[in-house]
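Naming follows writing order (A, B, C and D), and every chain is counted from residue 1.
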Amino acid sequence: MQNKYNLEGPQGTKPRKRLSGTNIMLYGTLLVVAFYYLLPLYVMVTTSLKGMPEIRAGNIFDLPVDITFEPWVKAWSTACTGLNCDGLSRGFWNSVSILVPSVALSIAIASVNGYALANWKFKGSEVFFTILIFGAFIPYQVMLYPIVILLREVGLMGSLWGLVVVHTIFGMPILTLLFRNYFTSLPDELFKAARVDGAGFWGIYFQVMLPMSLPIFVVAMIIQVTGIWNDFLFGVIYTKPDIYPMTVQLNNIVNSVQGVKEYNVNMAATLLTGLVPLIIYFASGKLFVRGIAAGAVKG
Amino acid sequence: MTSTSSVSIKHLDLSFGAVEVLKDLNLEIANGEFLVLLGASGCGKSTLLNCIAGLLDVTGGQIHIKGENVTWAEPSERGIGMVFQSYALYPQMSVEGNLSFGLKNAKLPKDEIKKRVQRAAEVLQMEDLLKRKPAALSGGQRQRVAIGRALVRDVDVFLFDEPLSNLDAKLRADLRVEIKRLHQQLHNTMIYVTHDQVEAMTLADRIAIMKDGLIQQLASPSEIYNKPANKYVADFIGSPSMNFFLGAVNTDGAPTFETAGQTIPLTGYEFVSSPAAGNAWMGIRPEHIVVGEAAEASDFKIDTSVEIVEPMGSDTVVWCEVMGERIRIRIDGQSSVEPGDTLRIGFDAARLSLFEKTTESRI
Amino acid sequence: MADAKRPNQLLRNLNAKVAAIPMVATALVVFVGCTIWTIVHSFTKSKLLPKTDFVGLDQYERLWKTNKWLISIENLAIYGICSLVLSICIGFFLATLLDQKIRFENTIRTIILYPFALSFVVTGLTWQWILNPDFGVQKIVRSLGWESFAFDPLYNQDIVIYGILIAAIWQGSGLIMVIMLAGLRGIDQEIWKAARVDGIPKWKTYIFIVIPMMRPVFVTALVLITAGIVKVYDLVVAQTNGGPGIASEVPAKYVIESMFKNQNLGQAFAASTMMLVTVLIILVPYAYLEYGGKRRAK
Amino acid sequence: MNFRNALVATTALCAASAVSAADLEVTHWWTSGGEAAAVAEFAKAFNETEGNNWVDGAIAGGGGVARGVIVSRILGGDPMHATQLNHGRQAEELVEAGLMLDLTDIAEEGGWRDIVHPVSLLDSCTVDGKVYCVPVNIHSWQWLWLSHKAYADAGVDVPSNWDEFVSSAPALEAAGKVPLAMGQQSWQSSGAFGVMLVALGGPELWTKVYAEKDADAAASAEMAAVFEAAAAARELSAGSNVSDWNLATAMVINGEAGGQIMGDWAQGEFAVAEQVAGEDYTCLPGLGVNEIISTGGDAFYFPKQDDPEVEAAQKELAKLLLSKEVQVNFNLKKGSLPVRGDVDLAAANDCMKKGLEILASGNILPDGNQVLSADTTGQLEDLMVEFWNDTSITAEDAHKRYADIIASAD
């Protein structure tokens, strides 16, 4: 044994077994887990790239032999519901035109609510907030029908704006909570300083709070975009076929069977519908995680 | 209302629900005075400051600033500037933006804003920092900007809410001097909240010591140190804190204090009123107990055995037991005392503080 | 004394109050108002249109005599308990795996969480496809030579709810994992150092020290999952539409079908009121523990 | 292009006044191949009229899903301009609430009472002497569709009645076929049972139970026999895993299944697959036992609008739906029977002709939807779909629950 100081026994870096039993177990388990979670995505993608004969002959785990994009084209632009054969594309644009105002409106309202609750408490504000949070847990079914009546009374039933209002209402508890917690976590002294500097309710909101809150707005946006995009129940009840969002359109296309069930088209349609939230998810990375953790942990 | 008062607080009450935080508080602060509100956390000192600033709504009483009743006025209308512990700089604005935000809200003309920002930057020696964001500043620089933000408002009353507590010891000492210099330069009224007695002693013209929403004593630093109004103030001010003995004042003949079989003559003690017999606390500060030759010359002397020695460089704190109490004695840092040594100590009656046993107020 | 005028109490913080109008309106009109409206109408015999012919508890009596509702409740209970236990166990287990300072942590977390971004409709359709006996898992296992292998949960009355469960766990366990991981990361690292110095094995540290410390995180996860369980609807509609037969019906679906398909609003309102009661049974003890407890501690 | 369409559609929604008077949004749940082809005939005919435009609002998922959407939209104050609904009791409350357009004037003008045959269809559209809907076709449930290919493969003759069908089942099973194809949607289960009731129990029993809600009849021994038969049929459908009715029909078309009990709309699927009645498939009305058909069918309602121009267009569409040419074209595609007795269906195939004959002979019953409330229909469907899918429910159990539902029906 050669060393500078002629020491005997263990010295220096402790040798590590790369392939220790624990590590094999650990990574083995993770591999199995990753497989389970990825499997459906793999099946969706491969099925959507196969032709129907190949699907009938082979099994769902085989890679496609003849890759065809036909199902994607069909799902996007020609699949039929009744006489409307414009595929999911219509639902896509409907979803977009529902999404944009809903996200903007719900975030605008919830952020101001959260700000008022955090910094401008008034008599009863906590009571309303408690009701609001409690409302997040009321099953939607309880409120479904009365809301039809409410929307009728304000003349918004079946319109795009009706659905926007519904999304704003049901997004409000979680978003208000998110913003309230965030604004509460900001140093109180900042708010005091701004008041000494003569800024009012809106002045502080726009000039002091907003510029500091970009991350939380992004988080709220992620929550809302995925939530609203994925909505099915409100879309089916509060709109009409013209403005059905993509999830409803997807369910329609999959359930409008003409002749044979075209699994490849269905899977392509399913993937297309899932694409927007998936892209948001993969692009936003940590913020997404932060968003759902923030929305959830302080529930 | 006196015309010399800058800030005057009358019968102020504040309660949060059932919790009374401030109770019938009265305080007159003279023009150009540096007043420190001192107390342990939760004593109501910051609350009082927030009330003066208008950041908290009072439950009862009045607040006057510069002769005007501002009890219901908005913070920005009160002619105050405020500096916070956490600096509270707007993180997304440059230093210049931070300084000018309040002025813009007040809709001052552009060139006036520029002039004032420039002047504040000069006073605080931060001309070259104007374009930076707060994140790019050190703690000391940030607090200077925060002071600057109060400065540009050109106000008569400055409110400081523990402005140095977030800084490390050395910076704190530097900035303390700077605030003192600023006060000497500007002659504004300053109300300064802290829990640090060194800051209070060094900065204040007067100190208000608060406990449980009440002012315990409002006096100059030296009076507070030498003649604490009650046992709480006596205990709170001074480090290490005062030693106390429980005993009784005897007025048969020359007044004496008797405890643990010892009789301490009180001949040199300045009683608040004529001495009365009864149970009382006797307090003596560690630095007022002398040893060695000086002890021999004292009004009262006694032998004691050293238990623990804490050398601190400039001086040494010695712990020993005297008359049934464990006490601290501050002696010169160069003296060589070892645990187990016998030490002769003594003190003068003039240096003592006596407090009535139940009310704990000075007698 | 130059007294300023005392501002009107109602007008104080006026801007804040104006800004809170949407919240107040939502809270009062939608969450309180609509709920009360529904409960009141659950005591009527409203059919297609809401009416106020009160019939007492008739709707509830019929509800609890209806097989479909009983099956719905039973399914909800099985689904609820299983998904609660499985989500929390799997979520916590995965979180501890990811907490082992492994390589590719981000990749693996991304893989486990991505289903959460997908809607229940997408989830349901995907798993409907994978579990299809003629094309999916069953066919593959059979083609490997195990001819008698049967795995057709979506076509088998007795296990269909577990087929839905598989999809639900796939979709939702990532969320629980992330919450648990956040909880694990929030634990003071010195606990681990102390456990190592004391020679306590890792698994024991997790079970006896870490889990008790993460109580609030578990409670959060519990509430979150429960709230989701009661609402389960899209997944069932997309995956089985209640079938085979009525073997995978759930309360939310019962409500919507009574409401719109069977045109029996009173029945729908009674069923949704029962759903609300279920949520209350879960929520009230939680709120009491979380907030009542804190208040006492103060 | 699609993008533009979507934008046009959504902007049009935002400003109701921008909708041209002649754009009519029509909702229906005809989404299968044959159905879509049939409804296209309506659209074509309507689009050919001056300046009018059919905006299709198909809703997938069958009547159960679609009715909810349709009703909630009408109640929500945002009605479509015209909609399919089964006539009968489903729309009762909507009419009573004054939400539907009164068509009495054009009905009288067009002499509907004389041309609609059987006239009971118009009666179903009439509330308090006023006409609120247009019947467009007659659908009968009572058909057994048989695949010639399946029987040829199994080497047995195509059965000519239910008993033969049951006795030929083992041969089909031996050939790897499913004797009876059944979709798993609840309305199919309930409908198939209704067919067996009419065929095996007889029309009198049916009328007593469904129309008169006679609890004793519902609990009777005759009824028990029907349940036994249904339980036997359940065994025959064990291998049928599909959900949608047309997928079950596809099994018959492909020869994977021997037969299917389904309404005459199944014919549309055979037509789309270019199969010929008598050659590729056989249809047995009343399961070949009791040659009786029910005269249910679809009707169009026109929710009230404020705009007089729209109302004019609605009435125009209403008239059009009953016109001879449209009736012929539509019903040929749909596989249903026309509601006018005076049209020439020379192009009709064997099965339709059989239907027309029975219709002419007067062996008709009303449809379940005409006599039962949606609520009772829903309860029966729930029971039937459960019974049909869960072999642990015995015929006796199901019968008992069935009798309870009928006893409390309104």
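In the analysis below, a residue touches a chain if its C-beta (ideal position, glycine included) is under 8 Å from a C-beta of that chain, and two chains touch if they have at least 3 such contacts.
What you are looking at is a predicted structure, and each value in this text was computed from that prediction instead of being measured.
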| item | value |
| --- | --- |
| Each chain counted as touching chain C and chain D at once | A |
| Contact-richer chain pair [A-B vs A-D] | A-D |
| Separation of chain A from chain B, taking each centre as the mean of its C-alpha atoms, in whole Å | 54 |
| Separation of mean Cα positions, chain D and chain A [Å, integer] | 40 |
| Averaged-CA centre spacing for the pair chain D and chain B, given as whole angstrom | 90 |
| Shared interface positions of chain A, touching two or more other chains | 149, 237, 251 |
| Shared interface positions of chain C, touching two or more other chains | 256, 259-260 |
| For chain D, residues that touch 2 or more chains besides their own | 68-69, 72, 75 |
| Residues of chain B that touch chain A when the two form their complex | 50, 53-55, 74-77, 80-82, 84-93, 101-102, 105-106, 146, 149, 153, 161 |
| Chain A residues touching chain D - in the complex, by the definition given at the top | 77, 80-84, 86-87, 89-90, 93-94, 97, 148-149, 151-152, 155, 157-161, 236-238, 240-243, 251-253, 255-261 |
| Residues of chain A defined as touching chain B within the complex | 187, 189-190, 192-199, 203, 207-208, 211-212 |
| Interface residues, chain D side, partner chain C - complex | 64-65, 67-69, 71-72, 75, 90, 92-94, 97, 184-186, 241, 243, 373-375, 377-379, 382-383, 385-390, 401 |
| Complex contact set, residues of chain A against chain C | 26-27, 29-30, 33-34, 36-41, 43-44, 47, 55-56, 59-61, 109, 112-113, 115-117, 120, 122, 125, 128-129, 131-132, 134-147, 149-150, 168-169, 172, 176, 200-202, 226, 229-233, 237, 247, 250-251, 254, 263, 266-267, 270, 273-274, 277-278, 280-282, 285, 288-289, 292-293, 296-299 |
